[in-house]
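Below you'll find the structures, each written out as structure tokens.
Okay, so subunit A shows up in both of these, paired with subunit B first and subunit C after.
And now, the complex of A and B:
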């Protein structure tokens, strides 16, 4: 009995003395939805978009009702420091809650910080327990803190909304790549050493003032003067931003890197008499394979693209019930994809950045040749020839076969 | 009758009266041929322990015997046997046996002409009729439940198992209560080892009173240091019959409708007799629900505490925000909040059992409105916590056996304390010893976690799922492995089976 009571005492002491040391109640947490990192002189400027839970959830407690319309659902503030963690620590000089980064959806890099290099950011995100390396990365042409101040009506959480925009684009059109912090870290250690990061920016509608979207009033109108939007794509070599490419180019590179899952392709009708005759093809599945072939001192990249999809819009005059038309359409689609890929690759060559990740493929297939080439790989990109072969399949034409049009008079 | 004249009684009657201390319910009726003569017969019984109608028959028979007896020297026993319509007659002569017989609800006939006495078993007295069991109700299945009368209970079981192999062993326990206890089993199915062990443990009982089968349960169970029941109790005769067929033994106790079933394994507590009456697919679904309810009941509050105070990163963002919003302004830490609500529920529950039926609705209003809604609106507890606690409480009622659900309730509190101190690590640190404890437990030598540890695949046919009866051709292993087959191997032949 004595032994038992002693063991019990020890157990109770364990619970009471050592327990709870890292306990955090939910109402002590400052849940950060988005973070922006800027550079100002020698200091890191970190901006946090902290969720205000009571404004998010209207049924809270007795205060209930429509609190949500009068209270801002996020609180944005900034702190500075010589390191990012120092800045985060200093945030508690002015903020009541512990900043909590596990639920951060998106990280916005300011232009200055991105150009200066983000190795510190990568280290932080990979090292710490609560900040996740799965956070989506975007870059902005200006200060990141300004992006965080913008609301994205009707979403109540701007940070989550940015992440949703990125993911939706990836899933439905693939115009811009979706990049996680982890992907950037991996690219630094890869042979290609280059990666694309989508740019987010503020687009003015009718010359609106970006300040208009900063308050709760953004939810009170049906049209907003400015919008957050995915614009160009930032080219990172190593951990540094070196330039920008347009959306069409990044789309081509997405094809090259097998990132396209679901997209839409507009193509001119076979035998079209005017520009008006166009059709839209929705890609349901797509697969890209790249195989390098050594030719002399350079390489030929055999790119094979297979895609399957359906017709979703058409103004073509030829009858779609004719298999020959379908085959012709497939050829048109193949041509459009081929052009996109070439456009993307040209951009990559111009930037002298191996955005398609050919270096790793070459390294794997020709390890010996790679050893000689790896030092001036980026200069050799110009000599690489692209051999694109696309096989597009049009699986069905939708619920209608022939195009709707007026009776020829 | 003859109040004025003191009649001579047989000496033994006086002794009996003194043994019983002149208790007022000890009745002696004297019979004589005529007023002057000596007492011919005396009938002794305890009022309330005998059946009044049968007693009347018997007294009439004895009176007739007294009148007609002049001249004839016939044996009273034979004579009574022909006259008294019911009750077994026994010749007895010692005083102790008379006392025992009288206390057992028998009438004792003592005659001056007889060497000893006769006892006639005419037990009766107040008893409840067979009703639907109150604690284990089913939708489909027999509606009769055990009563407080042992003989009724035995008959309810016997009626379901009309086999000569059904054995009923009577025993008497309690120095003062002299409670009749019947051990019931099916010879040829039960493992003799288990039966011997049961007999050995029953023999060791020496107690002044047994008022309910719970006494015996505690006295014969393997260890008292576990919250988990190692003996099952039931009010349902069909449950007893079903278990007997699987090689278990049952202990019926006079004075209580709760019969004991043993040995029993952990998983047995999640089965209901209804599982076997319903279609197998529906029964299997319900069983899965019960096992889910088990985990919910055991773990939900502790997981909630652990995740909201330590491992917030495990909650999806939108849910986290909604939970955080509800916790805005709640003064207590999540652990205390949960303990407060759980204790409140336990109090309401206990009050609900004890209180008179009339006050029932009042308690539900207080419980539901005041403690649920008002506590949330007053900002004392968060809405999510009320949902967690109520769901846990409801899930706890899904488990068919009350003993098991009580054990889970206690374990839940321990796990909550651990979760509040150490988070998910604490929950794990609580679950591992719990599992070790369960694996180490035994019920009459049978491992508590039987079909799982040690692994017996054959029992899985009727565990998490109940396979159709055609597939259940064998009795569960170990417990009933003496007579393994319960159906022909092919199963019953179907009419119109294509061949």
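And now, the complex of A and C:
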């Protein structure tokens, strides 16, 4: 009896532990590295950049073999549908593998889709378990599908490369914001209800043909005629693209919203006689605090920025070993940061979008005033006064204590 | 069943485990929005008084458990009836935990596996634990507790390490006044999770509770666990903001999915599933054993037969709701009824004990 029951247990375990229901074989999955969502008429047009595993095997180090140059490492195709999921479903009419979205690195929105609103996209990403909401979001002034067809040599996976470009930029220069799908979802539920999404586009080099980067031939040359590049920044109000702002403006907004981690600032030398006298300052740590103060029917925002960094380039004439010069330089840096912040905020005011997220800050500190103002907050942005106070510290001047210059004759 | 008395340490760990249970699965006190922590604190304090009452009852008659207490002080027939209703309550709570666990597995790990199969496997595993009785459950929790603790600590450290905890989300305080807070706290939050300690009236007699400091230790554990639960609940607001925390099915999972720790630790979902499996499984088993203990006492049927019968019942009850939405909706309805078992009946029993003893 006991032996029987044991045998039965073992047998059941065999059946149960094999997990036949949710079996997923790797070679049956089409892993997408990037997705683009466009809109044409009443339909969603979804483009997928699917990794071709056999082309990825050879030469993982990048040196490549015979196969790597003859076979494309990604396969790009498009499907349409009245909903995004329908489009994804129809993809299987023409594609052998089941699409798998967990490893998507970047999502490119076409202009038409972005202007029409992306709540459906946000819903999809938050609702489904396999599509991650940590996917990075970019928008393009045109069709997203075109971006996906471009290679980014020397990287084998263009989608992953775009994500890397975005992340690296955030970590080293902070020129454009890095935005995840989740951030946009959070933004539409926030009081400010506005967010910046970086634009990606194709830039021609010396009149090259944009088609040239689409084939595997892109890997055969050292100079490519066209390049994928981060350009402006798209302004989203709610889930809709309402306009664009330039890189300097979005940089200012990044300062204002404490998104700057590491960046570089070019500033004119103290007492400079010409434009040639400039120096560069690398920010190592930066912190921005914003505190609202109610003044009448509007608000004054006290912005306090603290940054620490080092000098990395200089063509200044004054002696760098004099503490007074350093202090003067710090003042110049402070002025540049201040100007950038104001530039960003002006752009924000012009777009009538609260890109700095002041609404949430005001809501937290003045809940009663917020209740009265929340309905026409975007119109009130013009009345907000910015009071910027920057404290920049120049910690050292690098390996040189003076500027290299010719002997005075 | 093993009726030997055991060390209080097992009971205390089980108590902590049980209280943490599945509480972190959902955003509690969603009506109170960013003030959820105030609602949680109030409910925890109310739950503390309930716990104090349960312990006072146990102290007065340390050898009797919930079911024998009922019969001894409320008369044989009334006591029997109330005892059976408690068995029903424990069984239903157990089935709710089973359904939670099944839904969690199905939505996150095994999308294509039928719910029935997941439920069947789970109930078989838990029934096996229940078969061994309370003492083994206590020992199990002793062994598993470090894993639970490390799991949660890892989650918190990773969220904090990525600067994802925006503590300013707690402001503005009392934006909509006290009313939504009271509404969220009473009776819903008192009933789940804080009032559920009523189950331990079944377990207290099993330990040498007369050891000095036992009472204080239970209270301390309760306090610590309550603080932890309040913090975890507020963590969801800190990471997601209150609007999203309200809308997402599993807010903690959503927060965990955002972790991208130095490009190595991504998708820590499994850690979330791990801590919740432990919590849900323990809670499921504890209610199950509580019900089975009462069942074998009242019917004089063998404990193991009772386990088998109740296991089947829990399994069936778990699939009463046709879909997940109904299950969640049902959960909100029944919490009002649960106060009968957590407040009304224990209070009745408590008063009866006071009067009988004079």
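Here is the rule we use: the second predicted complex is superposed on the first by the 387 of 409 C-alpha atoms of A that agree within 3 Å, B and C clash if a C-alpha of one lies under 4 Å from a C-alpha of the other, contacts with A are read in each partner's own complex, and residues count from 1 in each chain.
Just so it is clear, contacts are C-beta pairs under 8 Å (C-beta built on N, C-alpha and C of every residue); 3 or more make two chains touch, one makes a residue touch a chain.
Everything numeric here is computed off the predicted structure, so don't read it as measured data.
With both structures placed on the common chain, the touch criterion links A:22 to subunit B and to subunit C.
In the superposed pair of complexes, A:189 makes contact with subunit C only, with no contact to subunit B. By the document's definition of touching, of the two partners only subunit B reaches A:160; subunit C does not.
By the document's definition of touching, of the two partners only subunit C reaches A:364; subunit B does not.
Of the two partner chains placed around the shared chain by superposition, neither subunit B nor subunit C is touched by A:385. When the two structures are aligned on the shared chain, A:171 is found in touch with neither subunit B nor subunit C. Within the superposed three-chain arrangement, the count of touched residues of subunit A is higher for B, of the candidates subunit B and subunit C.
Contacts of A:133 after superposition: subunit C is touched, whereas subunit B is not reached.
When the two complexes are superposed on chain A, the residues of subunit A that touch both subunit B and subunit C are 16, 19, 22, 102.
Taken in their complex, subunit C has these residues touching subunit A: 107-114, 117, 121, 168, 171-172, 175, 240-241, 243-244, 247-248, 254, 257-258, 260, 266-267.
Residue ranges of subunit A in contact with subunit C, taken from their complex: 16, 19, 21-22, 102, 126, 129, 132-134, 180, 182, 185-186, 189-190, 363-365, 367. Within the complex formed with subunit B, the residues of subunit A that make contact are 14-16, 18-20, 22-27, 29, 31, 33, 51, 53-54, 56-57, 59-62, 100, 102-103, 105, 130, 157, 160.
Those residues of subunit B whose C-beta lies close enough to touch subunit A in the complex are 308-310, 312-313, 317, 320-330, 333-334, 376-379, 383, 417-418, 420-423, 426.
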